[in-house]
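Chain lettering (A, B, C and D) follows the sequence in which the chains are written, and residue indices restart at 1 in each chain.
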Amino acid sequence: MLTQISLSTQFRNVRQHTEAICRPLQTEDYVVQPVVDVSPPKWHLGHTTWFWEEFVLKPHVRSYRLFHDDFSFVFNSYYETVGKRVFRADRGNMTRPTVEEVYRYRTYVDQHLIDFLENADPSPELEALIQLGLNHEQQHQELLVTDIKYILGHNPLFPTAALPLQWDEHRAASPEPLLIPEGVYSVGYAGDGFCFDNELGRHKVYLNDYALRPALVTNADYLDFLEAGGYRNFRYWLSDGWAWVNQHGISAPMYWHQIDGQWWHYTFDGLQPVVPDEPVCHVSYYEADAFARWQGSRLPTEAEWEVAQPYLNWGRRWEWTASAYLPYPGFQTAEGAVGEYNGKFMVNQMVLRGASIATPEGHSRPTYRNFFPPDKRWQFMGIRTVFNE
Amino acid sequence: MLTQISLSTQFRNVRQHTEAICRPLQTEDYVVQPVVDVSPPKWHLGHTTWFWEEFVLKPHVRSYRLFHDDFSFVFNSYYETVGKRVFRADRGNMTRPTVEEVYRYRTYVDQHLIDFLENADPSPELEALIQLGLNHEQQHQELLVTDIKYILGHNPLFPTAALPLQWDEHRAASPEPLLIPEGVYSVGYAGDGFCFDNELGRHKVYLNDYALRPALVTNADYLDFLEAGGYRNFRYWLSDGWAWVNQHGISAPMYWHQIDGQWWHYTFDGLQPVVPDEPVCHVSYYEADAFARWQGSRLPTEAEWEVAQPYLNWGRRWEWTASAYLPYPGFQTAEGAVGEYNGKFMVNQMVLRGASIATPEGHSRPTYRNFFPPDKRWQFMGIRTVFNE
Amino acid sequence: MLTQISLSTQFRNVRQHTEAICRPLQTEDYVVQPVVDVSPPKWHLGHTTWFWEEFVLKPHVRSYRLFHDDFSFVFNSYYETVGKRVFRADRGNMTRPTVEEVYRYRTYVDQHLIDFLENADPSPELEALIQLGLNHEQQHQELLVTDIKYILGHNPLFPTAALPLQWDEHRAASPEPLLIPEGVYSVGYAGDGFCFDNELGRHKVYLNDYALRPALVTNADYLDFLEAGGYRNFRYWLSDGWAWVNQHGISAPMYWHQIDGQWWHYTFDGLQPVVPDEPVCHVSYYEADAFARWQGSRLPTEAEWEVAQPYLNWGRRWEWTASAYLPYPGFQTAEGAVGEYNGKFMVNQMVLRGASIATPEGHSRPTYRNFFPPDKRWQFMGIRTVFNE
Amino acid sequence: MLTQISLSTQFRNVRQHTEAICRPLQTEDYVVQPVVDVSPPKWHLGHTTWFWEEFVLKPHVRSYRLFHDDFSFVFNSYYETVGKRVFRADRGNMTRPTVEEVYRYRTYVDQHLIDFLENADPSPELEALIQLGLNHEQQHQELLVTDIKYILGHNPLFPTAALPLQWDEHRAASPEPLLIPEGVYSVGYAGDGFCFDNELGRHKVYLNDYALRPALVTNADYLDFLEAGGYRNFRYWLSDGWAWVNQHGISAPMYWHQIDGQWWHYTFDGLQPVVPDEPVCHVSYYEADAFARWQGSRLPTEAEWEVAQPYLNWGRRWEWTASAYLPYPGFQTAEGAVGEYNGKFMVNQMVLRGASIATPEGHSRPTYRNFFPPDKRWQFMGIRTVFNE
């Protein structure tokens, strides 16, 4: 658990893991932004560093001098309270600073930060901010993995890359559905470790009886849907989902390619055959919802998921829920730039629960609320279903 | 209540009200579609008629002959199960059939329908379908009002039109907040009258304490927000809302015009001064949410609204809630085309509760769930706020 | 010839012909703007009337009072020097003023104009302005025909409309190519009647030998191209043309529909079979150029066309030339709003020569330069080809 | 002159110059495509190499083995006859092959090509193809310079880069206008050296008297236009140009920045003050045409330019002409892929004459026809004007 080791060691570990993810990249791979959802790896490296410089070093280390005056402008993201925002779509055309300069920026900031952490006695507020910074960087570690996969997976040469990921274990899940009885339950974070603001406000919810599948939907299950014409029958789809399928010509999960009648998918090992008993991955909410409708099931709400999770095999896929991303009762936005963190995204997105193979060890929790718009699928998203009585 | 008078009388009344709404129009006003959300009044007249022809006359009256073979194609809407869909954006360029022909179509179908209703003894299923048709037509009556307002309100001549609407009464609302104590409550439709499928499945919810404002937000309240720079400060806005404000240059509710320092708004009486103590209207979810954040309050959830509604003055504005439009526990889609009615829209929309001055008498209910995407505001949408303890 | 009868009679004739074109319309047909190129017939009626009010009555008739203060705003077109321009794409959503009001506007302006013409003794400058106004209105007569065809031809009911047009005569053209010898020729307007500013500056050009086809390309010729896969082979197409074909899925001239293996096209008599020996019509420059390349011929330049025209059967189609629309040597823009007439369009357009069945009698001339962007085809555009030695 | 030294030496020189242009780049700079007009430098390096492999080595060297099977797909451009085309906008997201691999590709192909040239006795046809390849690569050398300038000039850090360019000399041009008398002149290429197909077909043209400015328009001249409100007065602009100015908010040449009331522009030496007596650069046809209209002059036609050029100081800017890019009389497209070279672009573009500081030594000619759409300005485009009598 993160909090049992010294802050400076935690910091070192997290920062090193970020760079370990990028180790297999060529310089060119760091630069591009093929779609607006994906950021250049170079930008992730710079942005996470800017966070430490802007929120810790600048306000707390009097003698600190900025590495470069323009980097705040270049590596800021959506935080509207810190200077002028770079138009996001331009990130992928900024060839300078170079990758080497960005690594020097990281080294410079790391040295100052470690020096600070080893000598300062941070207040509880500052320690909380540092925990937030560590978790922020872990979120970008996950995005680095998914963005690198997008960049390489959309290259006609299908390059391989040995990223430090923990791959799936094929644990046999009990075939028995997990029955949860009707009643009042509590959800939301209650401990005293780190959590994001959107998990706070543990509160009661009333749930009806439900029966949750202990195993995630597999590629074999999903192929049944696909081969039954699931992508061509509007009856299974939400109206917006059907428009999305038709506008983009969607006919399979992201990274899937049908070659001579056989299904392959891009992985970090290059193009590989789709393995039937692995959990299906890289599907949108629209696809997850359509699959469930076809199957006669439905997706769980986030409360149903959270109540059942002690009994679940997480399966290393983020799991789409039927819950829109909205504030918990009593949700309050923190003051200042850090307060822009989560609350401003609470519309037009769906909640995902669990964690994926791209999630850093120890980063997720049973109460962790991930969220994406319903058409996104470049994250490692999977499907779990629920059966009503 | 609709069900206490004969079906044929109910039918006659609803059909006549539709035409009464259109009486002040010129022929030209029936034709255009200035934005994709707005349908030409002519299309509403034809589409509601097609519903009766397609779902009642065709399957139930053996001798019935279609008024025109192509009208099913021309007046179908999103029902993907009935023939080929017209691309929606083209509706506003179809000058034929003429308005006169559409009225003849209405007369023809009305005669056959009334003849059928007065002589048949409909099964419960058929009676339910007819109630659905009446409610469907009432929904289009509301859309007729809002679409006509859009068409006339975006004309540089700002024409007047004497639509048969019940205008606001300025009932003084108690200034005391309405306190609702924590506990398990039930929501959803429970009676045996008509309701839409999305209201069914009365179920328990757990609510925390909350304090609801008995009166809607007024123009005076909203002007405070506006004049305090509410539209120019990103802190009050959801991220998507802030993008919407900036992309479209939004700086006031729809239909508002600032002329020589004074605020006016378009109404069916032409351009009129904004009246301070009337409820604010024609605001998007983004604006409602930003206003509440600025005020230090929040929007109610739909469950909070429904539990509190016996004590509320509805105020003749649809009221934005903080709830995404999602299925109730146990929601089931009906079979066939009628089953496409509501469920397919359960993503990317927010729930509104109450009713507006455009809602036909008796059409809404305490459990009625209206829904629109968060950027829409051409309906008569208002704001009610909640204060947490 | 226009100039041999009194100005007031000419005025009356032209104005009446405009209304004669619209006589077969229903009120609804006057209102819409299905694509940006097409203007609502109501707008043409108002705009041509505004021209007389703005440029003749306002400056020359002291006692004249505007029919309506806002009509200048509503019916102005691209003339940037006269007040604020209406955003063009909104024309099709302006249901007011009504068609009836626009006809009253015409009557009002006509009465004042005729009164003025019958009593005034116009200066040569004013007479020239009136001739410009008459020719301006004739240009809109042609656009009225083509825009009405677009509106009705894109309606799923394919309505008929008895417009006062002179239809094709099938004059047998000599099969012999017309040979024009190399040398210096003069082109441009030289007479003392009316012409547009872009025809002025008669000047010498040097032409090589060329052989022009005396007959226009027929539907039968064009079907050969189509059936030989002309639309699917990039070799015949300009790069921009090939992009246009693919982006819009073009596979036949505008208004053509293949039904059960047979080619039909929309005409004012409704959907009719394509007649093999009629001149092909409603093709873009890209299609005309691709056809010629496939045939091993080319399109004539405008100078080649003008030099050869005494020997040509015009064929009642505007004929695409291989000339870009550019100023003649010594071209000068006139002062004031009228000077915005033609010169500002001299880029990104190709010249057409001749006249079409929609061109008012006496409006075109051998030196007349019509022009459209290379992807347009809702005018009655045809093809004539040239063979090099 | 290129043809007086051995083919293999010419080849070596041209290939080395391409790499010399790229020497100041960082790896990151080779990868991106900030707008569709600009190609990644890596792509230029690969594409010019692919040309030699595809058109010389593959058909003429029996033992030749492709460097990489997929490179033909990756580095092809618009040649629709060679395999499947890469969607152009994706070029900027292809991080693989890496820059290093592309340089290895160049070395591999160079070795085989030099080996071939030193041992083969090429037929005249093959020699002509090799000359075409050399000129093709020189065209890409010019694009490399302009594309690198775009990539670096749109980076917020404004990096410097020491490209091997010949900079402007400020030669005093005679202030006297150059008078050319009316008459028949010949234009087009007539020699026996290399020229592009679009220059062929020397032919006669008839020109009126004209007076050409011997010096290019300077920054000082252009600032007069700018400061006189030239960008805000529609009277000076073509209709499409005015739309372009307003849609993109254009108010100065590309790369110009106004800082504290002073004009600066990005150069390869970083941000530098605008020098008054240097020729203005990076203006579109719309701007060149508007400037001339404001000045009471006009742009020359390409024939006027070519006839006058023996007496001109070229000024190292490509010079916009008033001529649309169209075929010369008798223009024929060559057979096969090479025949797609120029003819397919003969619509929607304007001709430029002369050469720029980015043009390789010896690449241009008095008859050389460069061409771009009228809104482009990332090439080194300048302005020369003509006065009519």
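The rule is simple: contacts are C-beta pairs under 8 Å (C-beta built on N, C-alpha and C of every residue); 3 or more make two chains touch, one makes a residue touch a chain.
Predicted, not measured: the structure shown is a model, and the values here were computed from it.
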Legend entry - Contact-graph separation of chain B and chain D, given in steps at minimum: 2
Inset, instruction - Find the chain most remote from chain A, comparing centres computed as mean CA coordinates. - result: C
Legend entry - Selected from B-C, A-B or A-D, interface repeating C-D by over half of its contact pairs: A-B
Legend entry - Where chain A and chain B are represented by their mean Cα positions, the distance between them in whole Å: 37
Legend entry - Whole-Å separation of chain centres (CA-atom averages), chain B against chain C: 45
Inset, instruction - Indicate the whole-number Å distance between the mean C-alpha point of chain A and the mean C-alpha point of chain C. - result: 58
Inset, instruction - Please list all residues of chain D that touch 2 or more other chains. - result: none
Legend entry - Touching pairs among all chains present in the structure: A-B, A-D, B-C, C-D
Legend entry - Complex contacts: residues of chain B adjacent to chain A: 78, 80-81, 184, 203-206, 208, 234-235, 237-242, 285-286, 289, 298, 322-324, 326-327, 329-330, 344-348, 350, 374, 388
Legend entry - Complex contact set, residues of chain B against chain C: 26-34, 42, 70, 73-74, 86, 90, 92-99, 151-152, 154-157, 159
